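Lettered A, B, C, D and E in written order, each chain numbered from 1.
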Amino acid sequence: MTTDDAFDLECLGICKDFGAFRAVDDVSFRIPSGTFFSILGPSGCGKTTLMRMIAGFETPTQGDILLKGRSVLSVPPNRRNVKMVFQHLALFPMMDVYENIAYGLRCAGAGKDEIAGRVADVLTRVALPDLARRQIHQLSGGQKQRIAIARCMALNPDVLLLDEPLGALDLKLREAMKIELKLLQHQFDTTFVYITHDQSEALVMSDYVAVMNAGRFEQVGRPEELYHAPKTAFVAGFVGDSNRWSGRALEVRADGIKVETEAGLTVVATAFGDGAISASDAVEVFVRPEFIAATRPGPDAAAPGRNTHSGTVDSVLFNGASSRVLVRSPGGTLIEADIVVTGGGSDLREGDPVRLDWPSAQTMCFAAGGVR
Amino acid sequence: MTTDDAFDLECLGICKDFGAFRAVDDVSFRIPSGTFFSILGPSGCGKTTLMRMIAGFETPTQGDILLKGRSVLSVPPNRRNVKMVFQHLALFPMMDVYENIAYGLRCAGAGKDEIAGRVADVLTRVALPDLARRQIHQLSGGQKQRIAIARCMALNPDVLLLDEPLGALDLKLREAMKIELKLLQHQFDTTFVYITHDQSEALVMSDYVAVMNAGRFEQVGRPEELYHAPKTAFVAGFVGDSNRWSGRALEVRADGIKVETEAGLTVVATAFGDGAISASDAVEVFVRPEFIAATRPGPDAAAPGRNTHSGTVDSVLFNGASSRVLVRSPGGTLIEADIVVTGGGSDLREGDPVRLDWPSAQTMCFAAGGVR
Amino acid sequence: MTRDAKRLSLILLFAPFALWILLLIVLPHIGMVALSLREKVAPRVYEFGFGNYIDFLNEPIYWNTLLRTASMSLLVTALALLIGFPIAYYIAKIAGRRARGALFLMCLIPLWVSDLIRAFGWILLLRQTGVISSLLVWSGMTDEGIEFLYNDAAVIVGLVYTVILFMIVPLVSTLDGMGDDMIEAGYNLGGGHLTVLRRIIIPYAMPGIVAGCIVTFMLTAGSYLTPILLGGKNSSWFTEQIYNQFITRFNWESGAAFGFLLLAFTSITVWLGLRLSGQSLANTVART
Amino acid sequence: MAHAQTNRALMAGYKAYVAAFFIFLAAPLIAAGSFAFNDSLFPALPWQGFTLDWFFNDTEPKLGMFHDRRLLSGLYYSFVIAVMVAALSVAVGTTNAFLFVRREFPFKTFFYIVMIVPLVIPGVILGISILVLASNVANAVYDRFGVEISLLRPGIFLVVLGQFSFITTITSLVITARLKKFDLSLEEAAFNLGASRARVLWTITLPYLRPAMIASAIVAFLVSFENFNTTLFLVGSESPLTITMYDRMAKVGSTPVLNAVSFVLMVGSGLLALVSVAVQRPDPSGQ
Amino acid sequence: AVSGSAETLRLLTWGSYAPDELIQKFEERYPDIDVEVTYSNNEEMIAKLRATGGAGFDLAQPSHDRIYAAQLEYGIYKPLDLSQIDTHVMSPVHLEAVKTNATLDGKVYAVPHQWGTTGLMADITKAPDVKGWDDLCDPAYTGKTSMRLRRTILLGTAFAMGEDPFAAYSDLDKYQDLLDRVADKLIACKQVIKAYWQGGDDLSAMMLSGEIVASETWDSTAYKLYDQNQNIVFIPPETGALTWIDTFAIPAKGEADDAAYKWINFVLEPENVTIMSGSTGAIAAVKGGADLLPDDKKAAVKASFTEADIENLKFFANIPPGVEDMEGKTLEKIKAATGG
C-alpha cells in the first residue's frame, strides 16, 4: 500500500456546490484494491452526488479524483473505467439479459465471439448461466440485482459503484442479498463502493465504512471500530441503536465523567471522540441497549465501574431475539434495554419494577455542539 | 369476555372464492375490545381480502361477520362502523388535512362547530395540532400516516383496520412508526386490526397475532407464543429467524427425537405442533440463532439435553448487537448463530475453529408434509 | 456537455417548435387580423378600418348566430359530459382489465371515420324514410314516418356523437389515475354514492372534466359539416357564416373578421370556464 | 341482503346504459356501412337485396369503388397527405418532447401552453388563416418579382401544412408523456457502460419512445385522413378522399359507393387502431 | 404548355360535367394528357381561383353570369384565344349571349358549354297544381316542399311577385327594396318547406322517398329522377324558367392552355355532346344541341317543356359588383329568421 496504484480510487479534497449549497464538502479518501467500501449516511447527505462525481456525471467544484493513480477529471463518463449499479438498477427494458450485458462490450467494440464468451462467463459467475435470453421483466428482484452487477463486471471495471441497490427490494430479499453481495465481491475481487443509508447493510458487508453527514466524512473505519469506538456523536447515534441523552458534565474523574442528563439521571461515562471534556460542559451520552442488563431488583449493590438504576417496565417490545424493554426511570427518562423473552413466567411484564445496570466503559460521552 | 359484545369483531367460518380460487378459507376468530390484533402472512395469502370483507367491500362466499355482536353482512360499507387505513393511505389529495378529517363527520351529518371541535381534538391526539390547513402533498410520510389514522379515529370506529400502512415508508421511519402506532392504539383505546407481512412489525406491536397462510389461519396467539411455541412448521419458519433443516427422525426417545438432517447432521430435537412423529418420519427442524452458543473449542464435553457440534467460521456478519456468525459444519451445513463482536482480540474471525452448542429443548421438530 | 454545446442543442430543439408556431399559427392569425381590418371601398381598392367588425355589430343576424353557436356548443358540451362521464367511469373503474381496453377502443370507433361519414350515417338513420322512422312504422308505433332530421335536436345528437370521445378520453385517463382505494376510503368513512361522487370522484376528475369540456366546446363551435348536413331550415352555424363570407360572397375581409371573432369569443368562454373551475390550460389539456 | 340487491339492480341499470351508449356509437357507422351492400342506386331504404357491386362492379351506373378513378385517386391523395403529415408531426413532436421534458428555458410554461393551443383553434380558422397568409405571400411575390410560388397556392403542400399545424400538438403530447416517464438513469447507465451520446439516443432513448412514436403516427395518420374543416380551405386540384366524398355527396349525388368507401375506411381504421393498441400495450417492463 | 412529356389538365367543374367515359376517350386520343377533375360550384370556383390568384386549375366552368364581376375584382381568368376554339359549332344565340356577358376591355373570357334551367319539380300524383315559384309556399304542402337557399330562389320569387329583378340591377336601392320584400315572403314560406336542400343529393333522396312532393330544382336533377319515377317531372315556372349557361373559362395562371382548348373542342364533338348531356342532363350550347340529347333525356325534356316555355326562358343577367353581397345578406336573414 505504498505505491500509488495500490489504490483503485482516491478522492482528494472533493467539494461540490449547487449554487450556494455545498452538497459535498472537502471529502478525501483512498480505497485499496479489492476492498468493499461503504459510504453510509442519512438521506440528502451527499452520497449520490459524490458517487456521480466519481462516475463522471457531475464535475467537482474543487478537488481531484484518481483512478488507479491517474486523475480522471478530464475523462468523460463513458470513458472512465468505473461502472455503476443504479438505485433502480436501470436495466434496459427493451433488451434481454444477454443484450444488457453485451451493451457495454459492444460500445467497447468487442467482436461477436468475444462478447458471447464474456457474457456467458459473467453470467456463470453470478450463478445465472441459463438466463441469457430472458426478458428483464421476467426476472425476480434478486436476479435483476445480479444482472445489473454482471452488466458492469463484464467490463472489468477498476471500481464498481453501487448506489443503494437494495433500496427497492422487499425486506426478506434485502436480507438475503446483503450476504450475496458480499460473496459476489469476493468472487470478482474488485473494489466495490457501496452507498447506503441503512447501517446494518453497511456493517454486515463492508471492509471499511465511511460515515457521511452533511457533505462531510465524519469517520472512516472498520465496522467494529465505528460501532464500538465512534469518533463523533453523530456516528455513535447513526451506527447502531442507542439510548441517547443530552446532559452536562458534573465532574471529570479518573474512572470516568460524571454526567447529569437533562431529565436528571446521573451516570458515569467514558469520554469518546476528540473534543476534551471539562466539568460543566454540555455533553451527549450514548448507551447501546445490548449493554444494559435489565433484571428484577435484587439485593446486590452497585458494582464499581457500572451504572445502576431502578425503574418500571413501561412496555415490552417483543421481537424474538431482538426483544427490548422500555423502562421508565424515576425521573421519567425512557431507557431501552435488550432482553430475552422466553414466554415463560420469568419474563418482564409491563409495570414490573426492574433494575438496570451497565458498565460505564460502554457509556459513550461526547462534547455537545459537534455536528448535529 | 363472556357476553358477546365484549368482542368488537368476530369472524365465523369466513370463506371467499374468486371463481375457482379460494382466497380465504374458513377463517374464524374473535377480537376482544381494545386489542391490537395483527394478521401476519406472506404476500398473496388473503390478508387484504379478509380485511375488505370486514370493511364491506367484498361479500364473503360463506360465513358471518359480527361487529359488537351484530352481523353486518347486510350493512353496506358506508354504514359499518369499521374504519380503514389503506396501504397507500388514500388521503384525498384535493382536500387539505382539515377537510380530509372533516369528510367523515360531514357524511355523518355533524354540525359545523362539532366538526371543528372533533378535528382539532383528533389532531391534538395524533400530535399534529397545527397542520389543519396543510395540503396533503405538503406532509411528510409519517405525518400522512398519522392523518390517515386521525381521519378514521375522528369517527370513533368500533374497529380500525390497517392494511400494511407502513409498507410505503422508508426504513428509519418505519421503525419509528412501529412504536408510535402502538402508542396511538393505547391512546385511542380502540381495537386495531393490523395487516402485515413483516413479522417484526407484528411481534413488536400486537397483543395477538394471527399467522395466515394460503387463506387459512395457521395459529393465533400472543407474539411470544408464536415465537417460542409455534404450532406449525410454517409459523416456526415465518416468525423470527431460524436455521432450518429437513431430515428424518431416527429414533423417538424420552429426551427428544433424534434426527438426521439431509446434510448428515445429527441433532436431538423436541416435538412441536400437533402431528405425532414416529421413527423414520420426514421432519423439519428449526433452531433459532440466538439459542446457539458459538464458542472457541474447549475441553468440556457435551452436556445432556444439548446438541454440540464443531465447525469452522465461514464468515462473520457484524451488525452491532445483532451480529451473527456463519459456521460450516464438517458435513457442509451452514449454521447461523448469534455472537457478540466487541472488536477485541477475543472475537471470532473467519477460519477459526468453533464449537456450537444449543439445548435440544429449543430444537423444534415438526412432522414434514404440512403446509408449505 | 459544454455550455456552448448545450446552447446549440437548445436552439436546435427550439427551432422546429418556433418555426411551427410562428409560421403556421402566429403569422397566419396576424395575417387574418390584418385582413379583417381592411375595408373594401371599390373593386380592388381597400382601406384600413374597423368596418367589418362594425358590420358584425350592426347586424343582429351575425351576432345572433354567434351566440346561438356558442350556446348550442355549451349545451353539447354539457350533454357530452353528462353522457360521457358514466361511460368513462365504467371504463376506468368498473370494467375488468380486459374489457377496459376493448371498451376504450370501441369509444374511439367514431374517430376512425370522418365527420362526413358520421353525418352521412346519421342522415340514413334519422331521415323521415330512414332506419329509425321505418322501424317505428314497421313496429306499428306510428302510422306515418317521423322526420327526425333537419332540426336542432338532430344537430345536437350529431355533434354530441362527434365530440363525445374527446370528452371520454381525458376523463378515462384522469379517472384511471385515481386509486380504487380513494373511492373505497370515501365509502368507508361513511359517504353514500352521491357524497362519494360529489366530494371525491368529481373533484378528483376535475382536470379531466375541464380538459374534456374545452376540447369538446372548441370542436363543437368550430364544427362545420355536422350542423350543415343535419341542420334544418332555421339552424345557422357561425362557421357556415364564415364559409359563406369566404366562399359564396368572396368577402375575405369580413370572413377574416368573423374568424377572428369566433376565435376570440370561444377563447374568452374557455378562459372564463378555466377561471371558474380554478384550473389552468397546462394542467388540464396537457395531462390527457 | 337488501343492499346487495339494490346494488345489483343499480349495476344492471348501469350496464344497460353502457350497452345503450355503445349502440348509439355504433349505429350511424353500421347504417353507413351496411347500405354499401344494398342493391339500389340510392343509399336509402327500402332494402333491395344484397350486392357487392358497389365495391367491385366496373360499369356505370353501379360503378364500384375499386373501379372509380376519382375515389381511388382521392384515396391515394389522402394516403400521401396522411403519410407526410404523420412523418412530419412525429418528427416535430419528438423534438418538442425533448425540448419540454429535457430543457429549461425562459417562459417554458408559456410556450408549453402555446404548444397546446393549435389543438383548440377551430379547424376552419386554421385553414383560412393559413390560406390567407399563403396567398398574400404568393401574391406579393408574384406582384413584385413575377414569380409564381405554386407551393403557396391551395394544394397538397398547404393541406399538409394545415393539418400538420394542429396534429403536431397531438403527437407532441403523446410523445412528451412517454418521455416524461423515461428513467434518466437508463441513459446514465448506458453512458456509464461506455456509449457515446449518439449511441445512447439511438439504442436507449429512441427505442423507449418507439411505441409512443408509432402510436402517435397512427393517430396523426387517422386524424389527417378524416380531416375536413382545415383541408376544405386548402385543397387544390388534388383532393383527398373526404373532400372527394363531400363533393360527390353535395354536388353529384350520393350512391351506395360512398357507403362502400365508408365501409372500407372503417375496416382499415379499425385495423390500424388495433395495431396502435398493440404497440401501446403497457409493456410489463415499462418503468 | 410543353408538349412531349405528359401534362395534366386540371378541370374545375360541376359534378357530372366530366364523366369518366369522356375522360377515358380524351386520354386515349391525347395519351400525353392526364385529366384531373375537381367538382365544384359557381361560388367555390371563384373562391378557389381567388385564393390561388387564378392558379391551380387549367380550365373552369362557371356560369355565364359569374365571369364579369369576378374578373373585374380578382382578375382570375385569362382572355381566350377564340381562334383555337371551334366556335362555329356553337349555337350562335348562346355564344353571343356569353360573349356579351364575358367581355372586358374588348377581350372575351368565356364561351358557352351547356345550358339548362332552374325551375320546379313535382310529383304530379301528389302535387298536381304546382305551377309557379310561390306554389312551393302553398300551405297545402306544408312540410312537403323544398328549395335551395341560394340566389336563384330570390330571383324566382321576385319574378313570381311580378317583378323583374334583373332590371332592378341598375338601381341597387330599388333592388334592395325588392330583396327585402322577397325576404319577407321567403321567411313566411319557411313554415311550409321541410328543409333547404344543399346539393342534388339530398334533393333526390327527399324527392324519391316521397318525403317532399315539390321543390325548386335544376332541370338536370329532375330528368334524372324522371328516369327513376315517371311521376316526377320538371315544371318550368309560369314566370319562366331561369336559364343559365355554364361556360368554359381559362384561369389566369392556367398551365395547360393547349390541353384546355383540346378538351373544349373535344367535348363539342357531336358524339361527345351526347355522352356529356347524358351525364349532365343539360343541353349543349351547340347547334342542334337538343337533338344530341340521349333519348331518355329527350323524352324528359319533351315531357317538361312546351314551345311557350322555351320562349319564356329567363337568362341570368350578369351580376354587377355589390349585388352578390346584398343577396348574401338577404339569404342569411332568411336562414336566421325563426319562422317555421
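We take it that contacts are C-beta pairs under 8 Å (C-beta built on N, C-alpha and C of every residue); 3 or more make two chains touch, one makes a residue touch a chain.
A quick note: this is a predicted structure, and the numbers were derived from the prediction, not measured.
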Listed by label, which chains are in contact with chain A and with chain C?
B, D
Ranking chain pairs by contacts puts first C-D
Averaged-CA centre spacing for the pair chain E and chain B, given as whole angstrom
89
State, to the nearest whole Å, the distance from the C-alpha centre of chain A to the C-alpha centre of chain B.
27
Between chain A and chain E, centroid-to-centroid distance (C-alpha), Å
91
Report, in whole Å, the distance between the mean C-alpha point of chain B and the mean C-alpha point of chain C.
55
Indicate the residues of chain D shared as contacts by at least two other chains.
44, 233, 249, 254
Among all residues of chain E, which ones touch two or more of the remaining chains?
198, 205, 209
Give the list of chain C residues in touch with chain E in this complex.
43-44, 59, 61-62, 64-65, 123, 127-129, 145, 147, 149-150, 228-229, 232-234, 236, 241, 244-252
Which of the residues in chain E come into contact with chain D in the complex?
10, 12, 14-16, 20-21, 23, 36-41, 48, 51-53, 55-57, 198-201, 204-205, 208-209, 221, 224, 228, 253
Can you list the residues on chain B that touch chain A in the complex?
170-172, 179, 182, 198-200, 203-204, 222-225, 227-229, 239-241, 288-290, 315, 317-322, 338, 340-343, 347
In the complex of these two chains, what residues of chain C are touching chain D?
10, 13-14, 16-17, 20-21, 24-25, 27-29, 31-32, 35, 83, 86-87, 90, 94, 101, 103, 105-118, 120-122, 124-125, 127, 129-131, 134, 161, 214-215, 218-219, 221-225, 239, 242-243, 246, 252, 255-256, 259, 262-263, 266, 270, 281-282, 285-286, 288
Given the complex, residues on chain D that touch chain A span 183, 185-186, 188-196, 199, 203-204, 207-208, 283-287
